[in-house]
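Here subunit A shows up in two complexes: once beside subunit B, once beside subunit C.
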Partner chain A sequence: MKLSKILLGIDRRYIFIGVALSIALPLLMPIGFGTSVTRQVQDVYDFVENLEDGSTVIMSFDYEPSTMAELDPMARSMLKHLFRKNARILGMALLAGAPGIAENVLREETELAGREYGEDWVFLGYVPAPTAAMLRIGEDISMVYPTDQYGTPLTEFPVMKGVKNYRNIDLVISYSSTAMPQFWAQYAHDRYGAPVAVGATAVEAIRMYPYHDSGQIVGFLGGLKGAAEYESLMGEPGEGIKGMDAQTIAHLFMVLMIIIGNIGHFAERRGS
Partner chain B sequence: MTETLGIWVAAILTLAIFSFLWKDNPLFRLAEHLLVGISAGYYLVQYAYSAIYKKLYVPLIDQGNLLFIGCAILGLLVFTRLIPKRSWLSRYPIAFYVAAGAGYSIPSGLQARVVKQMQISMINIFGQDTLWANISALVLFIGVVSVLIYFFFSAEHKGVLGFFSRIGIIFLMVGFGASFGYTVMSRITLLIGRLQFILGNWLGFL
Partner chain C sequence: MFRRTIPLIFAFTVGTFMVVQFFIPHPTFLAIYNGVLDWQQVIFGFVLIVGTLSMVRHHIMRLKFRKEGYQYSMVALGGLVCMIAAGIYGGIRGGPYKWLFDYVQMPTQASMFSLLAFFVASASYRAFRARNVTATLLLLAGVIVMLGRVPAGEYIRIGDFSMREVAIWILDYPNTAAKRGILIGVGLGMSATALKIILGIETSYLGKGD
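Showing the complex of A and B:
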């Protein structure tokens, strides 16, 4: 049998099994590949590190369950960092599928950090029409969110004391699998001057480079690797670092498959 | 107990979806239909509560803000699309929406996505601090110009124009390759997340 036929005739199900094993085995037996820190992540870390104690930060959870695996680890890691700085967190969600995720992450991390609801953090919930919400926060946050997710007026929370609009916000962070961070940069930063940091899925990360270069965002975390980089800067390994071994082996497997496919392709062309 | 049940349901549904990789089967279809049905129900309730209740009912009925009557009428007019003879009325809320959207997004969009990006492309190619920065600036300059030339269709791509157009294609291909690489990384991460759930939360191996 011709080499090209063998290589090009590999049943795709063997490839699926190969991908599954290349992920499962490193998860079960971690190898401990290191990860280098990129400028984009370092800039976010440095910005948070330089925040004053008690700064106010908007955390916008702009993602739905399909991208939790990428964005949850970075949200958790950054929350830990922000709590080290005693930051006040205003959690919100601009996608309809996001409130449950945001609530889970915020509740678990604030419990771990021993933070009080209403004193140190508040969850504002989901609001439709995201760009209109971003603009109106620039005037008065209570116009967008008169109450928190559970119906309590914002004026009743000590964490909201002195917080009216972007002038009182030290950082906006958008975790997103969509173009939402670009709108945050467009409205919150460009129009109102609020610093914006981004946690993006790997698919979206490539769009963030020009915004970082232009200074419209302070930096960004791209995909699971971005989360792993942030965790390594924090010195607290989490889901990001745990997943990077599997990511590396799976990528090597993909590269191997691409090489095999190309060898088969060129062998077939030479044979014909 | 509830959490354990949730984990079992999620794990079985995950495996049901993965079973499609082998071949189409009733278990996969069941999981797929469940996803579509539950998503539709969830989004309907979420939008109804967040938009109609919180943003219309509360200010209009609970707080008596009569300005919202106008909003309600505009919103209701969208439904005239269901009545063919009166469907022209639905153009008013759509016109309002488009006009408002264009008004607040075009000027700021131009500033954020065009002017700012043009500014960072206009850099001194040879005046950077380090040799590497100079090389980067030169690559950026050639990349921007050649890709713009590639999308210049008012003259045939021959001679100098054709040369730079071909360089533009190389830059575009590198861009697509990087984008594809990121997409692979993203999709692999989703699988990692699911396998972490199955091996860790469900089977307890991690």
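Showing the complex of A and C:
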């Protein structure tokens, strides 16, 4: 049998099994790859580290369950860091499928950190028309969110005391699998001067480089690796670092398959 | 007149106002600007309703005419009805709505997206070929970034540089330059289109025949 036929004829079911094993085995038997930190993540970490005690931070959960594996670890790790700085958290969501995720992440992390709803954090919920909401917050947040997600007026929450618009916000963080962080940069930062940090999926992170270079965002966490980098800076390993082993082996497997495919391709062209 | 002239006047007035108000921080302009933003949110809310009704209509038609795969339409409509009923019955804070979100929607969506890893691996093996110079460059950049973005990339070296360093260089320079060019192009295109709409040159948004 020709070499090219063997190399080019691998049944895709074997490839699927290979992917499944390369992801599952490292999760079951961790290897413990370390991860180095990129300047984009370092910049976000440094910015949070330099926030004053009790700063107010908007956390916008702009993603749906499909990308939670990448973005949840970032949000959790950053929440831990922000609570170390005693930050006041205003959670919100600009995608219809995001409030459920935001609630889960915020509730679990605030319980772990022993933070009180209304005192240390509040969940504002979902509003439609993302860009209008971003711009409106620049004028008056209570016009976008008169109440929290559960119908309580914002004026009843101590955490909202003195918070009117971006002038009272020390950092906006958008976790997203869409182009939403670009809008945050263009509207919240460029128009109102709010510092914006981004947590993006690996695919979307590619778009963030020009915004970081121009200073429109303070930095960004890209994909699961971004989460792993932040966790390593925090010294608190979580889902990000755990997932890097699986991602490493899966990437190596994919590269191996690409090499096999190309060897087969050249062998076929040479007629062997 | 109602189909063409009034919408054109409206687009011109609101478009010009939104450009001008940016440079005039007067309370009256600010109040109108805030009003426009509020209207944008109201209209977006109605768009969600229109979208939902359109989806329901589409699936009912598929069921009515027994189109291929109509069974999936039953699932789609069933899911919609279940979530609405669960939300009305127990609210969105807990109860069946939250349970359905946590234990049905979240795992389902996450699983669907996870399938990408399998298809990408299979597609890479079949289609990612060094057929010509451009394809080879794309292939090399892809492989370098794939390896450079995982810890293994720190141990694989290309000459004096690790794969990680080369991947960072690709992302920081060629990628940023290309993205910046695209962004500038998109920005200019959006400005030109907006200007054409404000001046009534671009009228396709008015519907067919205009």
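To be clear about the criterion, the second predicted complex is superposed on the first by the 271 of 272 C-alpha atoms of A that agree within 3 Å, B and C clash if a C-alpha of one lies under 4 Å from a C-alpha of the other, contacts with A are read in each partner's own complex, and residues count from 1 in each chain.
Just so it is clear, a contact is a pair of C-beta atoms (placed from the backbone, for glycine too) under 8 Å apart; a residue touches a chain by one contact, two chains touch by 3 or more.
Bear in mind the structure is a predicted one, so any value in this text is a computation, not a measurement.
Let me test your reading of the model: by the given contact rule, A:34 touches which partner, first (subunit B), second (subunit C), both or neither?
second
Mind working out whether A:262 is in touch with subunit B, subunit C, both or neither, as first, second, both or neither?
Touch partner of A:262: subunit C, not subunit B.
Looking at the overlay, what does A:6 touch: subunit B (first), subunit C (second), both, or neither?
neither
If you stack the two complexes on chain A, which partner ends up touching A:225: first (subunit B), second (subunit C), both, or neither?
Both subunit B and subunit C are touched by A:225.
Tell me which partner A:96 touches in the superposition: subunit B (first), subunit C (second), both or neither.
both
By the touch definition at the top of the document, which applies to A:135: first (subunit B), second (subunit C), both, or neither?
After superposition on chain A, A:135 lies in contact with both partners, subunit B and subunit C.
Could you tell me if A:210 is touching subunit B, subunit C, both of them or neither one (first, second, both, neither)?
The answer is both, since A:210 touches subunit B and subunit C.
Touching A:21 in the superposition: subunit B (first), subunit C (second), both, neither?
Neither partner.
What is the contact status of A:179 with respect to subunit B (first) and subunit C (second): first, second, both, or neither?
Once the two structures are laid over each other on A, A:179 reaches no partner at all.
Considering each complex separately, which residues of subunit A are in contact with subunit B in the first and with subunit C in the second?
The answer is residues 16, 19-20, 23, 66-69, 96-97, 99, 127-128, 131-132, 135, 202, 206, 210, 213, 223, 225, 247, 250-251, 254 of subunit A.
In the complex formed with subunit A, which residues of subunit B make contact?
Contact set of subunit B toward subunit A: 21-22, 42-43, 46-47, 50-51, 55, 58, 104-105, 108-109, 111-113, 116-117, 119-120, 178-179, 182-186, 188-196, 199-200, 205-206.
Show which residues of subunit C lie in contact with subunit A when the two form their complex.
Interface residues on subunit C, with respect to subunit A: 30, 34, 37-38, 40-41, 43-45, 47-48, 92-93, 98, 101-102, 105-110, 112-114, 117-118, 120-122, 124-126, 128-131, 139, 143, 146-147, 149-152, 154, 164, 168, 171-172, 175-176, 179-180, 183.
Show which residues of subunit A lie in contact with subunit C when the two form their complex.
10, 12, 15-16, 18-20, 23, 33-36, 38, 64-69, 96-97, 99-101, 104, 127-129, 131-133, 135-136, 139-140, 143-144, 149-150, 202, 206-207, 209-210, 213, 223, 225, 244, 247-248, 250-255, 257-258, 260-262, 265-266
Subunit B touches which residues of subunit A in the complex?
Answer in residue numbers: 13, 16, 19-20, 23-24, 27-28, 66-70, 96-97, 99, 125-128, 131-132, 135, 146, 182, 185-187, 190-191, 201-203, 205-206, 210, 213-214, 216, 222-225, 239, 242-243, 246-247, 250-251, 254.
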